[in-house]
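Multiple structures follow.
Each of the next two complexes has subunit A plus one more chain, namely subunit B in the first and subunit C in the second.
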Partner chain A sequence: MDTFLQVLAAQMQPSVLLTMALCVVVGMIIGAIPGLTVSIAVALAVPIAIFMPREYAFVMLASLYAAGVYGGSVSAILLKAPGTPASAATAIDGYAMSQQGLSRKALNISLLASTFGSMFSIVLLVTFAPLLANFALKFGPVEMAGLLLFTYTIVGAVSGDSMVKGLFSAALGIALATVGSDPMLGVPRFTYGNTSLLDGLTYIPLLVGLFAIAEVLKHASERFPSWSKKVSLSTADKDRNRLTRQDYRTIAMPMVRGSLIGSFVGLMPGIGSTISAFLAYADAKRAAGASGRFGEGDIRAVAAAESSNNATGGATFIPTLALGIPGDAVTAIILGAMVMLGVQPGPLLFVTNPDVVYTIYIVLFMSTVMMVIIGLVATRALVWVLAIPNLYLMPVVALTCVAGSFVVRNNVLDIVVMLAAGILAFIFGRLRIPVAPLLISFIVTPPFEEAVRQSLAYSRGSMMVFLTNWFSVAAIVVSIAVVVLVALSQRRRTVPA
Partner chain B sequence: MNRVFSGSVALLALFFLFVMIPGLDTEAFGGAHVQATGLGPAAVPYFAGTAVLILSVVMFFQAPPVREEDVPIAWKPLGLFVALLVAFMLAMPRVGFLVSAIVFLAATFLLFGARSRIVALLVAVAVPVVLDLLLRDVFLIPLPTFPDF
Partner chain C sequence: MRALKTMALAAGLIAASMAPSAADEWTPERPINIIVGFAAGGGTDATARLIASAAQEFFPVPLVVVNRPGASGTLAAELVANSEPNGLTLLVGGGSESTSVPNHLKTNYSLDQLRGVMRVNREHMVIVTKADSGLETAADIVEKAKADPGGLSYGSSGPGGILHSAFLVFEKEAGIEMTHVPFKGGAPALAALLGGHIDMTILTPADAAAQRDAGNVNVIATTSDRAEQLPDTASLQELGYDVNIENMKGLVVSADTPDEIVAYLEANFAKAMESETFAVLAKRANITPGYLDGQGFEQAMQKMSGSIKDALAN
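And then the complex of A and B:
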């Protein structure tokens, strides 16, 4: 309790609150701009965050994440162009509402649902993360190896629309993670005498390249197109856009169900908020039945999708903090930043650094509150931001990426890695190969390799150690089941009826 | 593009498996550990390389993705932008962030047809200056500077 109160007092400092407010604004802006996702916002912040005191770094990263997911709904509703992939489901009915002169109503429902979803998942995070961490404290290397094997399979099998491509991305991430020193013996692998590679491929240039540079290259390949649609909120009819008591009653259940779906998805590594939003949309549509006007501007659709994608955000921190396994691409980025700041996520985090855990809880809560306040007053400003031409925006993003990647070690190799990662992710985008499995696999491979080799050292090389441990057997069985089920479901989709 | 990419990756995976991994000095710090566990530093690379090879071959034979919104790649603008970016990357450590960033932005805006040259040049100067001040004075992150001769 003492630690919690100390952290709370530290978070109430004016400088911290100001940093949080600024990051909420920046997160909303970047999330709102089509082409700049919340992943890019957090990825661009990491090179700055690692130079800051730890508490400010976590404030920056968590606030950007919380606000960025909501920000994506603004352009989804106003332009039918989701600012972040998680808002793609919102765009369907949100834009339809906008076309009917109900843009303000759609934005307010989005804000309300986002806040509800965030708060819901923060409560789950505070409740279940310590329980999971307590359970995971009993894990040895065998259990850890089983859990990480499950992570690889679920990340590869469920990300994107093709399991082969997801697993390919994950396998490539594993291969890239082997560059550097072997985790058990320190044997240099694929460094070719370059001491800069002894610690492996530097994390920041890799993630900045995979997420930000790839997006910039995509826009460059389309000659930096700008949005031709003009947006104006000034003509919106105030009476029609007001939320009535009936509206609140109508969206209540979709928000609760959306939050439950989003939280469950957030617990599973690699699935992410985009899929959770569509699952919640489909669930709300099914629940509405004949009375639904989904696709034509149904408020339940906006409420379900937005509460779900924000609920995923808080819930993804549960496996990230408690197990050291990132729940999605953004928490993978944040996990990497935590390691660079000298904090090792995992069950011991709750014992050795409870202040970090409380900081994340409090920042997520307070940034959600700030998001509501700023979202209610700053919608016009967000609309103005959407008018910035891509031609000016994207090269500036590229500039920030190069500077951010270089300053980590003042090493030209890092910006080469950044560009190579950007080109790779650009090709991935064209071929619809998901990038998140690559990053998540890159992060979990060193602990996976260590766990497997420690297990085999304990069993003197016998693989039976994995088949005589109940947790490991369960993880292997579930992994195989996931692969088989996903393969069958994808096959059913491609075979004509 | 699917076949070119997956074919290239398959070839790279073969190179990785048959040239790069065998070139590792796995006995460097402890052959005893490898004997005791059966898994040495080459194990995970072999696993990953084999997985990449198999999956890239499967992707090679899969139908390419069909996406209605797919915009064709304009290779010339993409190549031009990459060339400008590479030039900026090489120049930054040598002439400093400010000079290289201003030239990079100005060149990009003008070559890609910015509507107003004055606005383009203003943005090309203002953004690097603001970014430099922010990173250097607020976040205390040292960016490369123009060398003193």
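And then the complex of A and C:
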């Protein structure tokens, strides 16, 4: 406890608080720029951080991480250009709300849900970290294969009106995901001798193309119509944008469920906040049933997705701190920075360096609080982005996308991937084919294939391994049940008796 | 007369002082790029930035660290191997992309296309098993693997990487057969080990010590020689298996680079290794220095690559 109080006192110094505030702002801005993700922000901070005193270094890295995901949602809601992949699910309904002149409301719900999700997972981290980390270890390749199989059912929730079009989109996503090295043998597939393709089609440029570039193209094809018709900033609009008591009641459950889903996904390696946000979206849609207007600007969609992706961020620290096993790319960088600052991560971190653990707890908590304060102030200003005529705004968005996609790997191929994805999504938009199923299956397929083939490697080729494991059996049964239920409900809708 | 003598002497002195730089010494005129095959923030990136900051004072041009991540570091290796041999494009090499991957898969470059400038550090690799697995020594592993070929599984950081290769060489030397389960990086492999889904994997000495102290793993052996952080852990060599695989990091250039350019780079980067800055930074970053000159580094890489090639030919 003494250590805790010492750390807390150290964090309350004005210079530390100022560092934190600055990093929250920088994290939000980098998060908001399509293509520049949280991992880039943290990676770029490492060379600076390792020359700083320890307490400042951890403050810097952890607060950048905490704020980045929220920043991504701002551009997702206002411009349909998710700043980070984790905000892709938010873009669907968030942007729809924006189009109806409800961008202030969407941003506030996003901020509220982000904060709730973060706090939820921080509480889990502080109270149950070792327990949950050991539970997560039980999930080996067989269990992961089952879990990932289930995530394919999200496709049903984001397919919109036509399941056939949704499935077509998902199938294309699976096909695109097979480009790159074979996960077991390393043999190249569909790369045509190009080394840049060995890692597959890079996912951030693909995402930026699918959402932001497609939107830019759409506006261009309509000769940049002004948004002022759709988005009014008048005082009369203020009332519509206010969150009512009814609204709070509506989003409470989706937020709790979203946070639970997000925290669970955060514990598992290799799934990530993009999928957790879509899982929460699908869950909220199922829970809402007939009352939902999902896809057309339902506040529950924004609340579920945002609480979930932020909860994943906090939960990722559970295996990272409790076991010394990084939960994602960002926590891997933070562990690397720890080593360079002379702290050996591992299961004994709580014993050997409790100060570091407490610092991270406190920073995660306080930067979330700061995110709320800064977010509330910023929301008022950010909405004015929409007052910029589209003719000027859209080229800026396009330019940012090109730069953001390139910067990830300094690779020109990624710009090509981004443009191709943008054109594909533009055509999809004309044909009313949803792009979200493509994105989901593109993200889920590689880890699913890896898990299935890892399982088959140690079962020496026997498929029975999936049927002798209770979790895997349960996941298969639930997945089939969801598919059947969705098929039945579709049938009722399309064949009115 | 005297004035003439003085002038002649002065001219001679000037000529003498200018000689090395004008006649045989090459100097860079444009920035030198140090290419890193992995994303910013990782271990290889840290090594690169460390060398660049320590060496900057010995170079008249900026040393720029450029990240070109992709395909387990082979994208950057391909770029440097096929780059213009002007001494301005260096690669942080010596790991998987140099010694391991080209033996497993078809790459658009070979180790012969790279020329060593210097080795900076070497990182030991340690085989670990789960604490309650009953596998406590290398002999336990060999015995069990002989009784049930393919029954034991090992997790690697990816197919063709140096972890995969180390196990292949060990299998060949011990005459055993185990099942390879690749993961995306070392971290998920460790998670799978702790969850009991695989039987063994490889960690860095520092990570192995941390997991052992927490009672999570049994430390079996190192795959090269004894590591400073684990003084009581024998190497596979000592146990009678001729395995010598470790993760090296150093600077390489295109093999066609002229001798004078390589000599210049070798001399100036060597100065950096002896500098105060390097000593301070390396200690802080927990890097085990393992200086070798260009030729020595090249031979070390060739030897390691050769043993991996032999193991694969099996």
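Just so we're on the same page, the second predicted complex is superposed on the first by the 272 of 497 C-alpha atoms of A that agree within 3 Å, B and C clash if a C-alpha of one lies under 4 Å from a C-alpha of the other, contacts with A are read in each partner's own complex, and residues count from 1 in each chain.
Definition applied: a residue touches a chain if its C-beta (ideal position, glycine included) is under 8 Å from a C-beta of that chain, and two chains touch if they have at least 3 such contacts.
A quick note: this is a predicted structure, and the numbers were derived from the prediction, not measured.
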Subunit B versus subunit C as contact partner of A:Met255, first or second or both or neither: neither
Which of subunit B and subunit C A:Val155 touches, first, second, both or neither: neither
Subunit B versus subunit C as contact partner of A:Leu44, first or second or both or neither: second
Contacts of A:Ala398 with subunit B and subunit C, given as first, second, both or neither: first
Touched partner set for A:Val187, first subunit B, second subunit C, both or neither: both
Touching partner for A:Leu64 - first (subunit B), second (subunit C), both, neither: neither
Which superposed partner A:Ala337 touches (first subunit B, second subunit C, both, neither): second
Partner chain in contact with A:Arg460 - subunit B first, subunit C second, else both or neither: both
Overlapping contact positions on subunit A, where the subunit C interface meets the subunit B interface: 47, 182, 184-188, 410, 457, 460
Subunit A to subunit C touching residues, read off their complex: 39-40, 42-44, 46-47, 50, 136-142, 181-188, 193, 195-196, 198-199, 269-270, 319, 323-326, 329, 332-333, 336-337, 339-342, 344-348, 409-411, 450, 454, 457-458, 460
Complex interface listing, subunit A residues touching subunit B: 47-48, 51-52, 162, 164-165, 167-168, 171-172, 174-175, 178, 182, 184-190, 216-217, 220-224, 391-392, 395-396, 398-400, 402-403, 406-407, 410, 412, 415-416, 419, 423, 427, 430-432, 445, 449, 452-453, 456-457, 460-461
Touching residues (chain side subunit C, partner subunit A) in the complex: 39-43, 45-46, 49, 66-72, 74-75, 78, 101, 104-105, 107-108, 150, 153, 158-160, 179-185, 187-188, 190-192, 194-198, 206-207, 209-211, 213-214, 216, 284-286
Subunit A partner contacts - residues on subunit B that touch it in the complex: 1-2, 5, 9, 16, 20, 24-26, 28-30, 33, 36-41, 43-45, 47-49, 51-52, 55-56, 58-59, 62, 64-65, 67, 70-71, 73-75, 77-78, 81-82, 85-86, 88-90, 92-93, 97, 101, 104-105, 108-109, 112-114, 120, 123, 127-128, 131, 135, 139-144
